[in-house]
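Labels A, B, C and D are assigned to the chains in the order they are written; within every chain, residues are numbered from 1.
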């Protein structure tokens, strides 16, 4: 299954590792912050509804 | 030419603090703005001076006719009293700084560095700057801070001379300046209804 | 405007900061380089033009936050904004004053420091010419950065971060003129480019600086 | 019905909520297809060997690194001219995405350069330009986070984006000029279409589509986040006032 990368195996695998890793980090960070901010906003909206 | 303010609303950080303010200031007249701390006196003066745009309403007869004095005097401590004054005179295209030195009793300090002056002396120098601007409408924010009684009297006399020469003054202050011709304008009734900052409105 | 220029120059001379500090920094950077790369004359003379340019650029950067911050703190900037001077004029004069107190001394000091780095004889003229043409752009770009960060506490580091990428074209063309001059190659093309960058920056950037300053004074 | 209706925060959130799942799924599908196709089912290049596979990550990342800045420039102009808050926030939301893509392009470029040029880092004009672009992203993001007032921050960063764009282009030409003599021949450059046969190009196209979709999805999501954060701040400010 695994293609033979020959002498460049490290460069290719490291590229995919770094590239995909950074994308995953970016996506996870974006999603986590989105969730956190959304939760905060809902909390504040609930509170302001109760009061006002 | 009159300074005419109509239905002025001013904002601090995008939040309107005063609204519906209207007044006229004719040549030879002085108007004293009164009101509790934080009611928007400084903001109003900055708006009239053109440093920030009005939130609503119009201001006529301001612009290049205004000489503005804020909390900070804009003095350079490494320049002498004369050099500080002469600089502002040159910026405003006037030449004679002698009357300003005389009226604010700065003649004895003329060669002193501004950094070596006391707080009250610095303030006097800051106010003397108004005289070298050659502009008719003085807009003054708490001009008497750190002035002693004698200096306040000097200042009041300078303002009265300015009025007598056809100038006018818009002053925010808490104390009685001893300028009988000044009218009092209480800002308290014009407090703006609590509302959101403009930049937040799209998000509410 | 002339009054403002004279005042800024007088302040720079009296407060000592403008002239002395930038020059001293330039000197120290240049002296430190041989400690870092070794005393070999051939190597030093090859990198001398670039080192002089980097040193000048850093010395320029050092004093950028003083361009507007001092006037902001003591309220002069508010008062200047109500004075009959256009904001574009104010930022241009500020940049000019910065150049006269920082850039020009660097241009004049560069040949002396070139001696320390065994700059090839043909290089002196072109190092000076390239710095003379390039440093005004550094001051104008720096004023833009200073206007962006004027109201901020601890704006100094941010100022460097904003300004350094903007310095890249000037540095590249300026150092290239100096290097080619030192190696006795033709300098016309990079010199034209450097002049073009400087002219464009001086003509256009004050408008951006003024716009930014108005926003910050609001 | 005009495009500016989407400049309303609520409308923007509602619309993007509908399309976001679809774009995300499409992005994942495209990226998975393109990368798997490229990694497992394409032959090695006769000169570059298996390093040609780096191509499928490097080229789309590099393209989107530049396009992200272009999008920020457009969004900044829209903010300056029409004062739509969503536009300013979209520019802010795009910056970290663009910066990450720039890092990916740089890292994959360096990894490719190591076996090809024999060094991790060559001051190749292209790599150097991307390094400068990365510095621009850093400055832009730092300025956004340094200023408290949201509208002031939007104004200042917009102007920085405009000025920065001009200087980025200047830097690009300066860097080309600076290193013209040392540049490797085009035959060994990583992203020269003309040297690439279709067998490599088709999976690359799918990857490019994947990166575009990923960028759009991330910008939508992050813009939503920025809008919600602004709304939270606005509500809190109103509470404090009352």
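Here is the rule we use: a contact is a pair of C-beta atoms (placed from the backbone, for glycine too) under 8 Å apart; a residue touches a chain by one contact, two chains touch by 3 or more.
Treat the numbers as computed from the prediction; the structure is a model and nothing was measured.
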item: Where chain A and chain D overlap in contact partners, by chain label; value: none
item: Greatest separation from chain C - chain, by CA centre; value: A
item: Chain occupying the middle, per Cα centroid; value: C
item: Cα-centroid distance, chain B relative to chain C, in whole angstrom; value: 37
item: Inter-chain centre distance, chain A versus chain B - centres from mean C-alpha coordinates, in Å; value: 54
item: Rounded Å distance, chain B centre to chain D centre (Cα mean); value: 50
item: Centre distance in Å when chain A and chain C are each reduced to the mean of their C-alpha atoms; value: 41
item: Residue numbers of chain C (touch at least two other chains); value: 218
item: Pairs of chains, among all present, that meet the touch criterion; value: A-D, B-C, B-D, C-D
item: Chain B to chain D touching residues, read off their complex; value: 13-15, 194-204
item: Residues of chain A touching chain D in the complex; value: 1, 3-9, 11-12, 14-16, 18-20, 22-23, 25-27, 30-31, 33-34, 37-38, 40-41, 44-45, 47-48, 51-52
item: Interfacial residue positions of chain D with respect to chain A in the complex; value: 35, 39-40, 44, 49-51, 53-54, 57-58, 61, 96-97, 100, 103-104, 107-108, 111-112, 114-115, 214, 218, 221-222, 224-225, 228-229, 231-232, 235-236, 238-239, 242
item: Complex contacts: residues of chain D adjacent to chain C; value: 132, 135-136, 138-139, 142-143, 146-147, 152, 155-156, 159-160, 162-164, 167, 170-171, 173-175, 177-178
item: Chain D-touching residues of chain C, taken from the complex the two chains share; value: 144, 148-149, 152, 155, 158, 161-162, 164-166, 168-169, 172-173, 176, 189-190, 193, 197, 205, 208, 211-212, 215-216, 218
